[in-house]
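All chains are identified by letter, namely A, B, C and D, in their written order; residue positions are counted from 1 within each chain.
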Amino acid sequence: MPYLEIARLEKSFGANRVVTDFNLGVEQGEFISLLGPSGCGKTTVLRMVAGFERPSSGAIRIGSEDVVGKRPNQRNIGMVFQAYALFPNLTVAENVGFGLKIKGARRDEITARVAEMLALIGLPDLGARYPFQLSGGQQQRVALARALAPKPRVLLLDEPLSALDAKVRVSLRNEIRAIQRDLGITTIFVTHDQEEALSISDRIVVMNAGIADQVGTPFEIYNRPTTRFVANFVGQLNLFKADDAGRIGGVAVGQGDFAARPEAVHLGREAESDIVLPATVEEVHFLGSVIRVTAAAAGARIALDTFNRPDMPPPAVGSAVELSLSSRDLIPLK
Amino acid sequence: MPYLEIARLEKSFGANRVVTDFNLGVEQGEFISLLGPSGCGKTTVLRMVAGFERPSSGAIRIGSEDVVGKRPNQRNIGMVFQAYALFPNLTVAENVGFGLKIKGARRDEITARVAEMLALIGLPDLGARYPFQLSGGQQQRVALARALAPKPRVLLLDEPLSALDAKVRVSLRNEIRAIQRDLGITTIFVTHDQEEALSISDRIVVMNAGIADQVGTPFEIYNRPTTRFVANFVGQLNLFKADDAGRIGGVAVGQGDFAARPEAVHLGREAESDIVLPATVEEVHFLGSVIRVTAAAAGARIALDTFNRPDMPPPAVGSAVELSLSSRDLIPLK
Amino acid sequence: MSLYARLTGWIVLLFGLGYFFIPLLGLTEFSLKARRGVYSLDAYAKIIGDTEFQATFSYSVVMALVTIAFGILIVVPTAFWVRLKMPWARPYVEFLTLLPLVIPAIVIVFGYIRLYNTSSWLPLTGTVTGTNLLLAFGYTVLALPYMYRAVDTGLRTIDVATLTEAAQSLGAGWATILTRVILPNVLPAVLSGAFLTFAIVIGEFTLAALLDRPAFGPYLQRIGANKPYEPFALSVIAFAITWACMGLIQLVTRFSKHMKAES
Amino acid sequence: MSLYARLTGWIVLLFGLGYFFIPLLGLTEFSLKARRGVYSLDAYAKIIGDTEFQATFSYSVVMALVTIAFGILIVVPTAFWVRLKMPWARPYVEFLTLLPLVIPAIVIVFGYIRLYNTSSWLPLTGTVTGTNLLLAFGYTVLALPYMYRAVDTGLRTIDVATLTEAAQSLGAGWATILTRVILPNVLPAVLSGAFLTFAIVIGEFTLAALLDRPAFGPYLQRIGANKPYEPFALSVIAFAITWACMGLIQLVTRFSKHMKAES
């Protein structure tokens, strides 16, 4: 039986139903991401687990105890917010110790636990600072330490990286994942950024209009999307339409529409590729390690990714090229 | 002679020198990015070109006329701001026509030019809307149209994409580049996002602490960085130290430190690679089309990028692997 | 939101409204009792027919309009300039505009009388026009905190610096920026400051009494001391006027929301 | 910033200061002339030695403190609750708190007298304590706009909803949240509202006069009408008090800036 279980959860605001029949079992120590566009209901699910919203119906069980009737301050759940939400009048150490103080812990216990937490987040010397003296990334780390200090049963992260710079975002997400693995704490992470969800989750729940469209590991979600929405929202997609005989580029693939990831399409012929299409380069975007080329082929715009090579400048816009891909890499779309 | 020429530009605020000996020539129709971390002086350079800041010394010439003594409203320069800065009390059409009205253009001229501009940005039917009725991406497109309507000599873009969502950011940057190419307008684009600068610029100026560290095409900047700062700021870098005999992995490369891009390092042996290093996988980050693997090899942490393959799941954390790279891909660091 | 929170909300709101309206209902009820035993509008008829009421009331309305004009001319450019070029001066200016709130009106009047008396360098109190002007200046000072706050709040909802730069880069000079970009966007704020000024000037007593001008405030006071039912009727009228002003502020605020994204 | 802009700034600032300080200097100069031909502090000595001054002033100080206590107890929880749970009610509450600004004080007093006179259901005006209580209530209403605005502005600088949720998720109940999270963070705002309240109560005339209480405002008025030099000295003293209050507000505001990142 899963440690955290959400069963037939529904939530409506007036006539507006924002979460529909949401079911999820989270194992102890698992890192789950709720991924979806804004307004898909992912934050509402998180807030119902935290107790800030009351479900219209359904059950939320932690360690087989139903918590729906409990107030947020009785649930023993740690939460990290997008806006950091550190108490501005308290020092870093007082912030981290706040939950323990509320619980009535002894002063020396609090001091020890705060020191432990500050060491964990790599800021052992900043206990006496005030939040406004810290950078955004540091503040969010302190918020994480504060949430973890009272040893919560579940850790909830509500878009904790959205307010940060690109570089800090990447390093902090790796740090969060490392700490979560260390402590083995059951975690739910809400994000609208597919790369974020793919990079740090054990499993991802892709949500669309209040419904969980697909649940699976990042590799499954990306390579075997089960709905058109998931295929489109997670990663970039090229759409191929088979001709009346069920062929693409002369190779029989079956009827219908197919998708191919940009990295499955190659510039020039490759040994493993059975489909070869003549194409014209339309756009070249140098992104750093990856060069994204957009080419017109078979009446469609095909995006493909290729690694930067110092000895080979990117192809020129307007030049004629051949694209190749393997029919095994085509994802049939329903 | 370049169309826009900046010569020996300096700017100090009190004792704080924010721009030092800045020189740049921009050809007519060129798209130049100023790239650097916050506080590097890139925005100050842009604001001096626009006329909002007065240089401490140096010259700014547009079409061989020195504009330093001119007020911002006499320079005929178009500007797009991070915060959109549309006039909230005016409709989209009135916003776009504002500059022409100030210039005293006839009403039918204005109407025609506004229609042309709205068609250019792909929002021909939204002229009667007010700014607050538009999405962020639409507002920024209108701001672009407003800046372009009076046919400015130079277009300045001050982090125009920073306030937008990731997906909109990518599509709008491609759109801006396409419009800029169409009109052939000389453009300076300020950004702190290296991917943004790499993907749409003709040339990039990498700035550090008020100084232009390197000027070059995206391909040059990324593959042949001339300073350690540029190598570090643009793209991710692996640091290799040669041993006392000037070797890495047994291959003679010369004395000193070397850098290698994550896409230059391969998982397993590759035909072209002469350096082979045994390694242990430490982290695996599934980013979508690219999988970033961090491995410990030769006493260093090496990041490498490999494309996702649906038939081959990413390597497991802790497994022993071989890394290979070509000594030609090593960048010597000064 | 839970039912409990919603209920608490309504109770607080009703309590607050009661705090103001129960006294008012008492007033209204009493003001209708001028004719013994039955409710009538006698007290109201008497007041509205009073030529002194008409004279003082129209005098105060004119003074209010003059005060509003002074206020707009002083406050809008100042607040704009302070926000744009002298953000360091904002606390000082805010401090200045708060002074009239805490300096008793009586101090201001004594100061004026002393400065501009008939034997001074500028004998304003010597002529009727001069005294009127002095009164308008006094009112402008009294209304300054409200006008400045309103306009400054209005300016806060727009990005003054960036809008100004955008207009400049499109070729606009200062006059164009003030009249076509800044003023239209703070108009609702200016109007709400104007209505507040109006309500304050109409009810003001101290300045008008000490400068001995025939304004509505002293009339209200005089009637209040000498008549049985009329003061209550007058209070109701005064309340109705302020109520109308407040209603207009709300209307303008709501109207302004149509013009802006949620801020 | 150009030299021109900086210069304009200083000129405006000096003009503004002059607007307030030239009358004040005139006042001060005159108040020192009580002894013929030489400057002296005679007028001040006379006033400070006056037992009535001492009595009325200390009465007003006590009333001000009571008013501040009432104000904090009413305003802080209300403003917090409205921000947190009833954002839809904010315009209405703001409207309510603006009412005392525009309802002439005289209307409030007439209403109170009518409601609580000796023959009513709650004859507050029958006893001294009752009348004092009534006066404190009246002052609370008068100070409401300032107190509410100050606290609401203070609440705006913190993210009330998220801080409350953060505290809740750490196990805190409502009492803990109000006393340990909300109050410490709006304390500077509360204090600035309190000082403003203090200055207003000290100078208030109408309420105290109509309820016939021995407050400082009516004393000021009485002296002003009957003595030659003392009123000016009193004005200077009143100004000094308000000045001290304003200084304290500035100090508290500055102090609070040390505790927050720029907002």
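Brief remarks on what is shown
By our rule, contacts are C-beta pairs under 8 Å (C-beta built on N, C-alpha and C of every residue); 3 or more make two chains touch, one makes a residue touch a chain.
As the structure is a prediction and not an experimental result, all values here were calculated from the model.
Separation of subunit A from subunit D in touch steps, taking the shortest path, is 1. Of all chains in the assembly, none touches subunit A and also subunit B. One simple way to say how far apart two chains are is to compare their mean CA positions; for subunit B and subunit C this gives 52 Å. The distance from the centre of subunit C to the centre of subunit D, each centre being the mean of the chain's C-alpha atoms, comes to 18 Å.
Contact of a single residue of subunit B with at least two other chains is seen at no position. Contact residues on subunit A toward subunit B in their complex (touch as defined above): 165-166, 174, 193-195, 198-200, 218-219, 222-224, 234-236, 261-264, 283, 285-290, 292, 305, 307-311, 313-314, 328-329.
Only residues 158-159, 162-163, 165-173, 176, 181, 184-185, 259-261 of subunit D touch subunit A when the two sit together in their complex. Against subunit D, the residues of subunit A that register as touching in their complex are 50-52, 71-79, 81, 83, 85-89, 98-99, 102-103, 130-132, 143, 146-147, 150.
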